[in-house]
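In this document, chain identifiers A, B, C and D correspond to the written order of the chains, with residue numbering beginning at 1 in each.
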Amino acid sequence: MSAPPNPYTVRRIVKWGECDPAGIVYTPRFLDWVLEAAESFFAEVVGVDWFQLNQKYGLGSPSVSVKLDFRKPIQFGQPFTIEVLVRRLSRSTITYAMRGRNGAHELCFEAELVSCIVNHAQMKSVAIPDDIRQPILAYQAATAAVLEKDAAA
Amino acid sequence: MSAPPNPYTVRRIVKWGECDPAGIVYTPRFLDWVLEAAESFFAEVVGVDWFQLNQKYGLGSPSVSVKLDFRKPIQFGQPFTIEVLVRRLSRSTITYAMRGRNGAHELCFEAELVSCIVNHAQMKSVAIPDDIRQPILAYQAATAAVLEKDAAA
Amino acid sequence: MSAPPNPYTVRRIVKWGECDPAGIVYTPRFLDWVLEAAESFFAEVVGVDWFQLNQKYGLGSPSVSVKLDFRKPIQFGQPFTIEVLVRRLSRSTITYAMRGRNGAHELCFEAELVSCIVNHAQMKSVAIPDDIRQPILAYQAATAAVLEKDAAA
Amino acid sequence: MSAPPNPYTVRRIVKWGECDPAGIVYTPRFLDWVLEAAESFFAEVVGVDWFQLNQKYGLGSPSVSVKLDFRKPIQFGQPFTIEVLVRRLSRSTITYAMRGRNGAHELCFEAELVSCIVNHAQMKSVAIPDDIRQPILAYQAATAAVLEKDAAA
């Protein structure tokens, strides 16, 4: 039996300035976290940071669409995690599925982000280069069981 | 024949600090604009700003879900508009449909935001008070043709 | 007698998401406003927006220093203004003096921002081009009385 | 001989969305970092987070003034640190001195933040409670040599 897959996970704490006068996280901050999680995933799992993508590859990864579903408030001062999975990988797009969980591992929010790899100069979609595609495919294979478990739930 | 309905519309310019090193709007900033548009709509169409909602009514309007679809980049330095419509009004939730358009009136992004009216102290959904519900219903009726035209398109 | 000088002024309202759980403006948002005021000043008074400065001139305007002094809280939902003056113009730097005032024209905050005009590729300071310098000098001359009145106060 | 003092230090990486179209950190983001560093310092060195300060103590810590001096750009993708020292502690105010340094330990920016402890309801300055003052005094004593070395340099 193999070890359980280990999804890429970002750990954070809610900051004072991320909360609104009602004392809860101001909605747009969740999307800041989602983009920062995709950015870290790219740098650490793909091995290319977004600056290198821009300058070495001449590519960019603008967003095509975003979905956010809020399940439960995240408490200030409590650490929480964002798990990053890859739901689909097409010729030019990456569909991330993310889950934010509190310290008790309860689901607090879900996000889906579709990013498109484009030629930076023309802003036209291109085939994802192989040295970027391969680590994403490998990650997707290694974490497939996590997504399947979710789909079954 | 009556005059065409006039949806509530926010006018803006893309700011330098809202763009990323690729020179395009950084994705989370769209959600800042969407929330700010909902906030202005509330203050100007409903006639209650979110601080009054919090302090006078003891209510809040946390987000339940968000969808963003990006169609076309918005150019820096060009004015653009965000049109705010109300797609659904339930006992406790408001579903906003928004469209961002550039100066040539081309659709650049679409957003759907579902907000829930909650009792601030307990964070539990409540029936939207009548003096808030009525102006939203009136607005929805006055702008229904805009949403229908969209659905038909 | 000539008309009083008319300083370049930005008008705003404090937004819900700019306030923290204590219900007051979160400190870093003041610096967002200061930079946005400098950006608008450049676009409207100098006649060159920061994207044009970057792309047409190959120049940038990174910050050298910032000072912020907070005098009085700005109330949510109340319009306030930021007045932009130019305190000094050297070979490569612009020193902005700004004042934020509430609806009763009371001073709420003061800011000083020093920006340096640099060659974008090398990030080295350059002499401010004449077609940028001239409108700033003209503005400085036209509004000199406002700064002098302040200094005397 | 005692060990050298160990100033409280935050470690970070510049994020894509914190940079502007010129590819450098957008000025207001530095102030986000400074406030977040003060917030972490409070939570970890004083042992009271800003939510507890607000809810348990009925206090707040609005800013009185800010100074930022930029010495050297911080490169994207490079880790950097922010060191937090306490320059002065008066009856109601805390003066933080912070230094941002890159991976080569070069000084990239300096910040001074003056925060005032106020009664939240009345927004009036109060004497800093003893259980908050003591850990700050202890920290100040333990790190005094770092500030002195700086003053001498």
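Operating definition for what follows: a residue touches a chain if its C-beta (ideal position, glycine included) is under 8 Å from a C-beta of that chain, and two chains touch if they have at least 3 such contacts.
Computed from a predicted model, the values in this text were never measured in an experiment.
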Any chain that touches chain C and chain A: B, D
Maximum centroid distance from chain B, chain identifier (CA atoms): D
Self-contact between copies chain B and chain C, residue sets same or different by half: same
More contacts between chains, C-D or B-D: C-D
Distance from chain D to chain C - Cα centre to Cα centre, in angstrom: 25
Chain B-chain C separation of Cα centroids, rounded to whole Å: 30
Chain B and chain D, separation of their C-alpha mean positions in angstrom: 37
Residues of chain D touching at least two other chains: 16-17, 21-23, 26, 28, 32, 35, 50-51, 76
Residue numbers on chain B that touch chain A, as the complex places them: 21-22, 24, 26-28, 31-32, 34-35, 50-51, 54, 60, 62-70, 73, 120, 123
Contact footprint of chain D on chain B as seen in their complex: 16-17, 19-23, 26, 28, 76
Touch list for chain A against partner chain D, complex: 15-17, 23, 32, 35-36, 39, 43, 49-52, 76-77
